[in-house]
Amino acid sequence: MSAPEALIRVDDLHVHLGQSHILQGVSFEVPEGGVTALLGRNGVGKTTTLRAMLGLVPRRGSVTLAGEELTRLPTHAIVRRGIGYVPEDRDVFAGLTVEENLRVAERNGSPRYELVHELFPELKARASQRAGTLSGGQQQMVAIARALLNDNPVLLVDEPTKGLAPLLVTEVAAALERAAELATVLLVEQNLAVVARVAQQVVVVDGGRVVHAGAAAELLGDPARVRSLLGVHGSSH
Amino acid sequence: MSRVRYALVPVALLAVFALLPQLSVDVPVVFGGPLDSPGTLGLLALCLVFAGVALTYDLLFGFTGLLSFGHALYFALGVYLTTIALTKWEWGLVPTLLVVAVVAILVPLLLGAISLRVGGIAFAMVTLAFAQAGQVLVQKNPRSLTGGEEGLGLNYDAIPDALVGVLNTKHLYWLALAYTAVVFLAVRWAVNSSPGRVLQAIRENEQRVEVIGLQPFRFKLLAFVLASFLATAGGVVWLLVLGTGASPQVTTANFTLTLLVMVVIGGAGTRYGALLGGFLYTLLDQRLGSLAGSTRIEDLPTVLSTPLSEPLFILGTLFVLLVFFVPGGLAGLGRRVLR
Amino acid sequence: MSTFVLLTITGLGLGAMYFLIASGLSLIYGLMGVLNFAHGALLTAGAYATWWMSTHVGGGPGTKLLAGAVFGIAVGAALAALIELVLIRPLYRRPVEQVLVTVGLALALGALIEAIWGFDARPFPVPAWLIDTTSVLGASIPNDRFVEIAAAALVLAGLTGFLRFTRYGLIIRAGVENRAMVTALGIDVRRAFTLVFALGGAAAALAGVLSGVYYGVVDPTRGTSLLIFAFIVVVIGGFGSIGGTAVAAVAVGLLQQYTNYYSSGLGDLAVVLLLAIVLLLRPEGLSPKVAH
């Protein structure tokens, strides 16, 4: 099961938030290339896992990227190893314009504006608009564009389709497919149709631990299994 | 804490302190004269008063988690109202004390009810604002009542003879000790009572308390009024102990900040910590000033002797060091050592 | 009419000083979540550094003042940066301790200045033309008011330009909204913190210089007495917002002047009560925009 070329390895990750022991020894691997989906019921700790990987919450355990141990580094250094992060609530800077939101994210000399504008032409049109006045879908585009701006080998994407209209969901899924051609994506997603479309591998979390890891097609093709692990009927929301 | 320790320790401490004025013992460096001398007793009385006042601040900050920057207002209220009543209006002592007591409940009730509508930093700023207003009022010297910048002397006629005069310093000492004991008991009662337990819960997680259907506001207000009332009482005792009358120094934000420093040095929320912090801070503040005049410090090169001559510099630096290395204050250090 | 003009311009002069000391405070709290009680001490330090330098250079009061001011501002910036690096940065995830440390620092620094130079006020080098008055619409305005207003306007323009057009300015504006997200974009915010502290220190020192000119003297309590007004201005204007701080500073300065004149001295009280009112009506104005 543990392929030697796993790009990211998470081992025995523990996170305590207040009194609760949210992650109780999460371990999984993310193979290089394509999309690995992180699944699980609401509140099970998927977002916390991503945040713990980035060091945004105090954690114990090991997170390695291409063999390098990340947990000793401060968040900004972890990100500079080449991780693009699309947080659950988008977290765009409302007071800054769209263009400024992208500029802040610039890390090295060659930001990929052509790629970003090709994927999200609307952002080019609204470059001087204050991000706080954008719709939810447009803000989501800014958040994804921010992560794609630098050629990050890894993208951590947290529920990008949450609260979006079906048309936008399709657009985001297409963007994710494009992104997966360029980077390894770890995607937290509740919408199983999107998962079915873009993901090759899945990791399921429950009770603070990983309860299943394997091929996406295999899990999604087994509705009973899906129901027992995720408590849903295996369709989109 | 075992029941025996719970009751015995404070009683033992009280007994020891009560007996001090009878001891003709010299404690070099720490005090300038033997324990039963008026100078030393006066100093000890001052230390005890501030131990008590620091404890009242701990009730607010360490225990209830309310960071107030305006606690000085209530202390100053006791100081100024008493002085004005006795000196300017020439009231007797008993009516003065009664009126002060009533005012000491009504004012924090009103101001607390307003201030507690907000929390956190906003609360700190509102309390600061009210205290500032008090300071400005005193400075403006309306109708020459407060004496403005120069302060107001105290009229001794109304004060019982037993509390006036150098020879009676030990009575003032016992008065200060009684005050501190009362504050200790009051705070202990407040903490262990059921409203007290609710306050602890509020400090830890206010939302959870609301969910149970209790209104945190009432409990916080209760703590606020109690702490302020006790601080006002402290102001009255301070006035008697020091004997020099009211001075605007007690209305400043700096005064509240020194209370904060006392509590943090001793260890916030630990009760004995606040007492220790208040006592030690006052002792150091008073004694360091005379130590600086001593030949030992004067012999040091100017670079060292100049800052060391200011007690507040030493105390401020000590405070910063403590915050860094001993966040639990001296009480926390003590616990670590005792373990 | 001439009284009105005098009051207005003097009020603006006061507002200028408040803006200078409040701007640093606002950015520091907005970006770092630290309520810097030592800010007043930075003002006092800057004022005293200016005075000290002015007693060591030759020439007329104008030269002394200028040399002193340059030195004073440099001292303010350097001291602030040092404080941030040594005392604030190590306490990064402990906000309560950060505030406590600034309290201790304020007490210690104030005492240090008093120890070295004593309580008494020291005369500030003020060139004659600043004390002279100019006639505006029938009112005789002391020229220093214009200098103060000009200085504050320059700093306002400078800061706004810095925030709008430079990379660090961009980072600071983003960080004031959401510090965690800035870190998650790979940016080491700590450098921005030191920069903001240093800028705040420089502005506070400049306020110290101007206060020396305004009052003609410096004394150890100058910083603390102005700090209260700075807090009031920042609370009313909103943390992290330079524009808001500027507007609030002007409002507070004018209110204080007018109230003091028309009610023989209650201006300080009015300003303090304004703070209480604003806080009670708009307590969220105090929380940094997004949780840190």
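As written, the chain order gives the labels A, B and C, with residue 1 at the start of each chain.
Here, a residue touches a chain if its C-beta (ideal position, glycine included) is under 8 Å from a C-beta of that chain, and two chains touch if they have at least 3 such contacts.
The structure presented is a predicted model; accordingly, all values stated were derived computationally and were not measured.
**Q** Linking chains that touch, what shape results: line, ring, star, complete or other?
**A** Shape = line; chains linked end to end, path left open.
**Q** Using CA atom means as chain centres, which chain is nearest the centre of all the protein shown?
**A** Per-chain C-alpha centroids compared to the overall one single out C.
**Q** For subunit A, which other chain has the most distant CA centre?
**A** Greatest centre separation from subunit A goes to chain B.
**Q** Going by the contact definition above, tell me which chain pair has the most C-beta pairs touching.
**A** B-C
**Q** Between subunit A and subunit B, tell me the centre distance in angstrom, where each centre is the average of that chain's C-alpha atoms.
**A** Spacing between the chain centres: roughly 54 Å.
**Q** Just give me the whole-number Å value for how far the CA centre of subunit A lies from that of subunit C.
**A** Here subunit A and subunit C have centroids separated by 43 Å.
**Q** So the centre of each chain is just the mean of its C-alpha atoms; given that, what is the distance between subunit B and subunit C in Å?
**A** 31
**Q** Can you list the subunit C residues touching subunit B in their complex?
**A** Touch list, subunit C to subunit B: 35, 37, 87, 90-91, 94, 97, 100-101, 103-112, 114-116, 224, 228, 231-232, 235, 265-266, 268-269, 272-273, 275-276, 279-280, 283, 286-287.
**Q** Quick one: in the complex, what on subunit B touches subunit C?
**A** Residue list for subunit B touching subunit C: 114, 117-122, 125-126, 128-130, 132-133, 136-137, 140, 253-254, 257-258, 260-261, 264, 306-307, 309-313, 315-317, 319-320, 323-324, 327.
**Q** Touching residues of subunit C toward subunit A in the complex: what are they?
**A** The contact residues of subunit C facing subunit A are 170-171, 173-174, 177-178, 180-189, 289-290.
**Q** Which residues, counting only subunit A, touch subunit C once they are in their complex?
**A** Where subunit A meets subunit C, its residues are 54, 56, 74-77, 79-80, 85, 87, 91, 93-96, 100, 103-105, 107, 146.
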